[in-house]
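Next come two complexes, and both contain chain A; in the first it sits with chain B, in the second with chain C.
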Partner chain A sequence: MKAEYRRGILLKVAMLVFSLICIVLFVGLLSVSNYEGVGLMETYQIIWNHLFGEPYETGSLYWWADRYIWNTAMPHALAAILAGAALAVCGAMMQSIMTNPLADPYSTGISSGACFGAISAIVMGLSFSTVVGEMGIVTNAFIGAMVPALLIVFLSQRIHMTPATLILLGTAVSYFFNSMVTYLMVTTDVDTLQSAYLWQIGSLDGMTWSSLPFMAVFTIAGSAIVMLMASKLNVMSLGENSAVSLGVDIQSFRLYCLILMAVMTAAIVSFTGILGFIGLVAPHLVRLVIGSDNRFVIPMSMAVGALLMLVSDYLAFQFASIPVGVVLSVIGSPVFFALIVWQNKRTGAIY
Partner chain B sequence: MEIRINDVGFSYASVPVLSGISLDIKGPGFVSILGPNGVGKSTLIHCINKILQPKSGSVLIDGKDVRDISIKELAKDVGYVPYSANDTFPLTVVDTVMMGRHPHSKWNTLDRDLDIVYDTLRMLGISHLAMRQFNELSAGQHQKVMLARGLVQEPQILLLDEPTSNLDIRHQLDVTKMLKRLSEERGILIVMISHDINIAAKFADQVILMFQGRIYDVGAPAEVITEDNLRSVYGVESKVIDDDGRPHVILKDALPMSESCNPSAVMAHIRAQRASQDAADSDGKSVRRGVERILGRT
Partner chain C sequence: MIVAAAVVVIVVIAAAAAAITRGGGDGDPGESIASQLQIMGNANDDYTIDDKDMEIVDDIIAGTKSFTDYPLADANNDGKVDASDKQLLQDIIDRKSGTVLRVMCLDTSGNNTVVDVEYPLRNVVTYATNMQLPVLYANGGQYIVGYFTSSYEVAEGSINPAAKDLEGSSREISDASWTLFTQLDAGLDTGVGAFLTDYSAVAQITASRQADLDAAGIPLIIYPSANAADEITTVLTLGFLFGGDCESLAVEYAQASWDVVNAIDSVVGDLSDSEKTTYISCTMWIYICEGDSTYNTTATDAGGNWYGNVNSGFGSTYSGDGSTKMQSVEALSNYQDVDVVINNRSMDWGLTADEMRDLIIDDCWEKDRDGYAVKDYFAGLEENMYFVNNILPGAVKLAYMAHILYGDDFSMEWADGILQQFIDMGTAPLEGQTVDSIPACIDHSDYLDAKA
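Up next, the complex of A and B:
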């Protein structure tokens, strides 16, 4: 009997490995599509060589390919992986602590705060800090994203927070910031409006190595912490009473998760804009296939989130720079839809 | 193991639910809490395991105030089986039950935990459900899985909120008998909220009867489950007969609601009980309350 249980674990690990292989494959594909004349295997060779090998002769085909792959394709691909993984892991965590399948990393209003920050920088050149220009948008978005999070931390010292309270407070905050954003957008000219709108959809264009360390530090450290808390998240999704009786201090644990999530999400969206869909759907795609055990849902969501981003980014590039946020929903939604329909258990339950 | 409740009061917003609850429950043993809907049975249990904080008074477990015990520490000693569980994100039965091991979990305990889980599933006769999804089970199976979760927690004190309400009669009997046996074999204290008076009467070492946020009576089943008590607390006319030394209730009729909820009659009873206890206390003969009369048998 225990053997049966262990087989289940092996199967899940196998799926995780498979997703990781797919990620590597798409990193290659993305690089190939970025530079004509170099094959898929050659791409890996070039990446390998750049890390551990000799530099190519200046001006040769491989030298140019190396430059292109290393300076354009790689930061792009890595940003996609980091963004996908971070948003998916935050989504999985938010859904568990809220015991709500409709929760996503933006449920507490983080996205609207970030939007307001970024768009006030884009539209009015207004900066909340001393940083200006491209990085001004990033810092503004980050600061804006932290406002709803800090508000909730502040309030939770005073009122009893249930998942419903949190989500409703998030909704209130979102509407407030969204209306400010709308106001900013209707007062501006067409060109600014377009870039402001594009920021809301989310994009990986213009990712360079310089943006990556910040995203990477928060994503890697944050995900490691979430992984360590995975079994606690399982207990949380049993409901409040059960969680307390199994030794989880729900109030402080939930707050801790919310802060972690706010920082991780803000670190990503302040660079990429509001990438929707991944945080909500990647964890569901995973649960539909491997079940709801967070010890596996967390790493698998990261892999699937990263993969979804890479695939979308690849397709976005193939079809002449459609924003990746658009492609994401266009290809992700049918997959999600189909999985839900096929899962039909005749009870109305999805899981 | 001992639960000592000192003058505990609790209210939701402005609605008082519990007032002046004082109680000593000494284990090991199998204790049943009886009482009509809404008298605060679940609230009392929630005050014991820190799901709720009493507005006044204190709860002591083995002499230590629960306010001074962390939720994590408390979970190692006090288990709880709720009336219902959330299954938004269901796991397999094995994984659901395994969560009962969470308070004790360390690295590399999977193998031992799996043994405990499978043993418990076999004991409850549900090992065939092991790899099924929790939300695909029937209400009765659901309840057995949650019971299993409480048992693998291996607590010294196990609190159960109507653990048999969805079970058929055979399983009700079987589960209650098993709980009684576990309390003896493992030497633990099991406190169970129950709506089935006859099953409680048949197996409980001690019965706590609650009414309108107070302890109405407490003692051995034969002392507490009487025609008078059932009339004042539940508002039913009944005949209580003796069945091998245990009371057995035959229900006759329900009193009209207005009469059955006559608060002055209830308060008169409580005052009379208090007075007799105070008298006994001042004599220095009785130690505390009725509970100890019964469970202080060791």
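Up next, the complex of A and C:
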């Protein structure tokens, strides 16, 4: 028993260390992949020198590489880490409070709301706020993403909310917003349509340092809160009856979790567009290795989610700079499929 | 007494100004060029920087002339004219290598700015056809070290063969292309001398790219050279910056160009709007140019009156500065009373007779656009529709447009003569060409002849 416990701890530590090493590796690979003549180790050297060393000669290869790494690659990589971590945490939380392995951060219609907000800004120039331009799209997407959450809060005062009700409501909201998005897209010109479509796919291109504080604040603060709630999430995973019998006010707790998840997800997708599968796959991968204890699943999902996003982003760049959302879909669906089949074969259950 | 003195002063200044801008018979090639060389130190605002500019600077320092009347006398752009301007101006007049010139151009927001450029300008990187071709027309292709796109094998054939293809496109400079640019700069001993682009392509110069250029000390020179008249200025200024034979060629190019502008203006300059020929401009076969597009600016410079000025429905439908694709072959059916349609096409040259015939039929009149031939979109207007080659020198485009708009005053032979003049000038893109090998202006009769 003691040996098994020790092996479990070792496994968790090993997975965390492996994920962190891979994250560092892929941050380097992402930085170096665009720069012939600068190797992987030189990239780490450049990063180190930028932080602690002497500046390079203006116009030299390392000077340009340093500018590229700090102005383009690093915000890009950090955005990938934040997006992957936040979406994975939200996915893990959703799966626990819904007691549903298919739940993800978009189950309540957040993605379609964000889509409608962003695309109304792109296609019609319509802004829900006074902010215009690129930040106008971000603001619109954030506000759009919050609409389904607010709708659920509003309805929860009037009807009894079960996980099934929440998911069905999310489906209805998604259909509504998707129809509006479709209408906007079929009535616009080709160039605008392309911009709108690319936003829908999800991409980390064009990330700058100025994009990060907003994403970071919500990701870090939100993840910390989720980790503090990990024990309660464990109780919720046991099912409604067990949770009630153990003293959890499931209606209120579920509502708080939904609002938290909506804010965290909106803070990410408003900048990146819809990045699918991370919130679904990352927690399942973690559970497959270390079990279902949310005290470990939450932080491990953050690491694995960040790593998956970085790997996908690296592959997206290698394959003719396609948007990362395409790669996520391409690798996310077979991975998820394999997980279901393997887990089902091994334990007779998928969760 | 005071009034009389003032009158004398005014008359003397006016006479001097007239001598500078209109010519005094001393044989200078560019006397009709006014306010064109976009370099600080060009105190008299003419086509070059020479001793005449120094005289003005001397007079300003001596207090006999006012700086406010000659703002370009401030060669070092420090807000005053003093001995340091005189020293710099002397270096410019001597065409001294290593001299830092203050070049007037646009910034990415379209505002006037001044950037520092080392003379002579070398190692340039070009983006956008509308800037690349002026560089080549000034015979500056030899100084191009990198380009993002080159679409015209013959017209752009004078780009330095050693120049690096930075793998952009006419619509985009990708992050990967920008990285190639930075690597190019890093690999050159003296770095990239300047980044040259046309204002219509300025969206690709993002804030971070602008910051890259600023940090690396690479001047960004932006001109609105898609417009034919502005292209003349661009060629003149670039020729000066390249120096040597490029400068003399650019002066000749600008002189010939302004002669064309003046010839057109002498005929149509006094016409009222109602007397002017109305036109609709198109581009990319079936895109209608909006009111403020540079294609319309060029046609207006050629003496035309944009159709939107006489048909408010058309004017409101096609307001803006871009272009709108025709959604059906009926798009122009309500505007059949327009006098001419000018269809701007970018077409490479060096064509044989057979290639020219194929181009006229397959790539102009019968080009398939969304299941219809181009000519179907202009049903009823065929006789009045003309394709004009957009990559020709600006003045040549103006000449052909003047012919299209006012055929009685400007014959096809006259316009062809202008093209021949530019061919004979020795500008590299037109080298070895003839009037027959260049698809300059294609009308309906050319199409019927090609079909026959």
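Note that in this section the second predicted complex is superposed on the first by the 337 of 351 C-alpha atoms of A that agree within 3 Å, B and C clash if a C-alpha of one lies under 4 Å from a C-alpha of the other, contacts with A are read in each partner's own complex, and residues count from 1 in each chain.
Note that a contact is a pair of C-beta atoms (placed from the backbone, for glycine too) under 8 Å apart; a residue touches a chain by one contact, two chains touch by 3 or more.
If you're wondering where the values come from, they're calculated on a predicted model, not measured in any experiment.
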- Item | Clash or fit, chain B versus chain C on superposed chain A | fit
- Take the Cα centre of chain A as the vertex and report the angle out to the centres of chain B and chain C, nearest 10 degrees. 160
- Item | Touching partner for A:E54 - first (chain B), second (chain C), both, neither | neither
- Message: For A:G8, using the defined touch cut-off, is the partner it touches chain B, chain C, both, or neither? Pick first, second, both or neither.
- Response: first
- When the two structures are overlaid on chain A, which partner does A:W64 contact: first (chain B), second (chain C), both, or neither? second
- Touching A:S231 in the superposition: chain B (first), chain C (second), both, neither? first
- Message: Touch test for A:D205: chain B only (first), chain C only (second), both, or neither?
- Response: second
- Task: Tell me which of chain B and chain C touches more residues of chain A.
- Result: B
- Message: Taking the superposition on A as described, I'd like to know which of chain B and chain C A:V244 touches: first, second, both or neither.
- Response: first
- Query: With both complexes placed on chain A, how many Å separate the closest C-alpha atoms of chain B and chain C?
  - Reply: 44
- Touching chain B and also chain C: which chain A residues? none
- chain B-touching residues of chain A, taken from the complex the two chains share: 1-2, 4-5, 8, 95-96, 99-101, 231-232, 234-235, 237-242, 244-249, 287, 291-293, 345, 347, 349, 351
- Item | Residue ranges of chain A in contact with chain C within the complex | 34-37, 58-61, 63-64, 67-68, 71-72, 189-190, 205, 208, 321
- Within the complex, chain A is touched by chain B residues 46, 49-51, 70-76, 78-80, 82, 85-86, 88-92, 94-96, 99-100, 102-103, 105, 111, 114-115, 118, 127, 130-131, 133, 135-136, 149, 153, 159
- Contact set on chain C toward chain A in their complex: 174-176, 179, 182-183, 185-187, 191, 208, 211-212, 215-217, 325
